[in-house]
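What follows is a group of structures, each given as structure tokens.
Paired with chain B in one complex and with chain C in the other, chain A is shared by the two complexes that follow.
Now for the complex of A and B:
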């Protein structure tokens, strides 16, 4: 192995890890927000991302809408869908002390969406071909994917927007307050259903952004969402549950772990190593690796 | 090979024997022949199931348009009705189950009494690339081949086969890696292959993973002369998702419309006209129905035991997969095919046919 190793190769492994990890990160940010107020792991997040990818695919094939331009349609649509989903599916369950009901609803929603996608678009993998599909460019001798680079930009921009929203707006501060202590927030007059609905809406909008990134970069099928959600969950744990910036960094860290372990050990071990790190972090630093570096957004 | 078995297993159960047994000749006189087909129509295997159902429905349509199948007890031809079912209960109820696309090494040890199978063996499929390489001009033969096999029982099984034949044919894999299912990021595999100057690649993985890999190979600038895939490169979606980037990629298959057998070309054209993509599987399913229908006609009854006896040890000539000779255990062997994608068409080049396609070495991405 060492005879083929070079600085350029290590840099390429690093870059690819960061680019791919950003995808996990943006999904984890959505999970983080919903967990913050609802106190559930929204396991359907990955499937919502896949659904958004199918909408992008449909807009592209039906109206010829460029996948990146479709963000202006998909993100607001996902936002509205998130709020509606909360209103009709989770509102009653959210008021219950037992969070298992909400979790079960999320599981049911995941399978429902999977099967609806499979019925509407068939279970065959889909992908979008544009002029920038599978195109790479060179930076100091390292090949970098165009679409994955744009995905990184989307992830950073989406996370920054969420952080700004949470820190700079009154509604965002209410969401943060509810995330810190729902009882205290309610005593201050914050409507728990409103903040839950906003968290869901933003979580779905982030799924919309991730869906655009997914659709432009990878082929997708109805069943990919679950494994994606599991990876986002690892990213969330690495970054610190409830920590928005940490979730993005957790995703990038997971991407790096997978990338380096795939190269230096074996691709077959990458998942095992990722889950082992997940457990180790939960065992020894359950608040996440970035808890002290970043205040809760 | 569990996944392959589950994914590809296709068969037709002859149910009519039960109906006749229960309801007697009156049922046969104005009845129909009911064929059950366990097909995956939902879930991750539904893509395979859809091709199976299409081929079976076409076979039933064709036989019914020809008047049906002559049944002696009924004294006339009876129409066939297909019931797409979801369970395999043939052995329990002693119903004859005509099968294809199941590896014999999984089927044979079961010692099924009520089924017959035609398909190729896993080792024969794993040997195909090495036979192809041996027939290439010396300059085109791989020097540094690599193997990426899905990290599943299927992948491990095929991987063992590829390794064994590589050794037998004098090749050494420069990179031999398990391939993480659904991982989406194969940059580490690709960088490793680049670093090892890999010039040929054998892959065994799902359609989605195969598409992702080829895309990322292009993004990261890994060009090989020969890329041969199993399981994931034969679907129409592969070429659809990659466009011209799928050109030169080689896929496995169970059948080809380029076969010189009666009805092969028409069957392929019929499928392509409806779905706007080629198929390298439907012929196996169609032939499955052909064998079953001919067996019923041969014995003139829908009695499961009689139909089974007509298939086991029997010879069925000129099906869309060619002549089928079943041995005493009910097994007939066919050959795995190799097809090269070219302008979204699957060009058969193995087994070779007269005037058929000649395999092309892949051009580097930058020269396409």
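Now for the complex of A and C:
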């Protein structure tokens, strides 16, 4: 029997799941874009998000820059870094038929970045406490923090921006064409390196936005990025690889699975349950849960 | 052919010299001796990963699960006295083989659904998910697995590194020899055929699933034994030390640096990684992991086919 208290509890678990899942979602959208043109799982995405969170932390502590205001600095910076990273690390490997090279460069990059972070900022967890961190409001009797809600808004806005970019702009169309069939796209005069660089730049910019969302809501440490990337990967698989909106929905679904299973079963098992769902989806519905019928797997 | 014979002869001499090294007075106490042990351990896990990825083309990201399963098997069998109270568990061949078998059994159980349904990226992700589930299961195993702290074994039995050294050398040399033999057998031909063109192999009557499973389970078997060996060295089997994702990253690094898909590649790679890691550890202890990340990137950028294949650059 459900009384008022347990309804409120379920609502709270639900809202927390959605709010946290949205961050997995943004990370997954970045992965999805890069996978689309490069056909690699960019495993360093989570670590780039954590790096962005550290930059936000540094700007806040050194210059007193408001974390949300720092988005104006961090996102363009991340965009440029993404394009540069592609130019110097992945350009050569992208042309090779063997995708393992790109995958392993991403692994090396992840190693490198997380250890540079831990060298510069120490491995201890960090978090940003602003004057409004503790502020919250009530919905159906449950308290929701403002910062987490803003994170959700950032996630939704970032995904919407990517969708608009892909659907409305010529460059976006080129990226979509390249993800569907790189060979045909090249025959139409699309430069593969340019599309890849754009995918990387946007992927990194999304990581910048996710970094702001992460820095303002949860504590983070240098090694958190890897597990974050794994979660983003699960979100991607749930939503269907190559499906941008699906990636966001997959992230939210994953957030819900985690928050419900950690409440009803145990926090430690939540990870295992998430991975089990991931394995089941990979095996029985590799095209993802939200794939529309006409889409190829 | 003569070149190959020369390499085989040279390898035999090197292995024999390494096997006799512990008899040199003082050798067993030097830092170099420990590095050689590490080199053997790395060779085993590198070769095991290479068997699945280099020959069959299926990238496994769940090797740390097999390494941990082997180590935990050794620790559980020992701490619970599963083979009887009067049994000697330290360097016990029965435990060693059991460690390999448990890992191989898990590889078969998880490999059957994964390999029959998934390939490429999806298989890699599936094994990664499997590895994480195993890790969580051991962390949450309560008093049976010792939870996050793990199981401590009686370290008073430790006398010297010699038995570890010999066992490591034996496993590394044995596995390399086995792979050399596999490479020339019909099994090896089938594996390479699957890697190069799965469709063509299957239409020529190669049972793709069977061969992939054999390679996957064999790799897990040796990785599990390596886990058992490392458990006898550390005397403390914990999720942090054994189910760490490093045990998946190291073999990949080793095989790729040396040249994946070659018999001696992982050996060269293990040597390179041991040297780089230990030097970085001595000279820049704090920067050591940064160095490793940089090493992967540099190798991939400038010799994507590994050290072994440098001379065939035009072909690959």
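What to note about this one:
Throughout what follows, the second predicted complex is superposed on the first by the 285 of 297 C-alpha atoms of A that agree within 3 Å, B and C clash if a C-alpha of one lies under 4 Å from a C-alpha of the other, contacts with A are read in each partner's own complex, and residues count from 1 in each chain.
The criterion applied here is as follows: contacts are C-beta pairs under 8 Å (C-beta built on N, C-alpha and C of every residue); 3 or more make two chains touch, one makes a residue touch a chain.
All figures in this text were calculated on a predicted structure; none of them were measured in a lab.
When the two complexes are overlaid on their common chain A, residue A:122 makes contact with chain B while staying clear of chain C.
Once the two complexes are laid over each other on the shared chain, residue contacts for A:12 go to chain B alone; chain C is not touched. In the superposition on chain A, contact is made by A:268 with both chain B and chain C. When the two structures are aligned on the shared chain, A:27 is found in touch with neither chain B nor chain C.
Touch criterion met: A:136 reaches chain B, while chain C stays clear of it.
Using the contact criterion defined above for the overlaid structures, shared-chain residue A:107 touches chain C, although it does not reach chain B.
Overlap of the chain B and chain C contact sets on chain A: residues 115, 266, 268, 271. If you check the complex, the residues on chain C that touch chain A are 53, 59, 113-114, 117-118, 121-122, 124-126, 128-130, 132-133, 136-137, 139-140, 245, 249, 252-253, 256, 260, 286-287, 289-290, 292-297, 300-301, 304. Put simply, chain A touches chain B in their complex at residues 4-5, 9, 12-13, 16-17, 20, 23, 115, 118, 122-127, 129, 133-136, 143, 145-148, 218-221, 223-224, 227, 255, 258-260, 262-263, 266-268, 270-271. Only residues 42-47, 50, 151, 177-180, 182-189, 191-192, 195-196, 207-208, 211-212, 215-216, 218-221, 235-237, 240-243, 245 of chain B touch chain A when the two sit together in their complex. Chain A makes touch with chain C in their complex at residues 39-41, 89, 92-93, 96, 98-101, 103-105, 107-113, 115-116, 119, 226, 230, 233-234, 237, 266, 268-269, 271-272, 275-276, 278-279, 282-283, 286.
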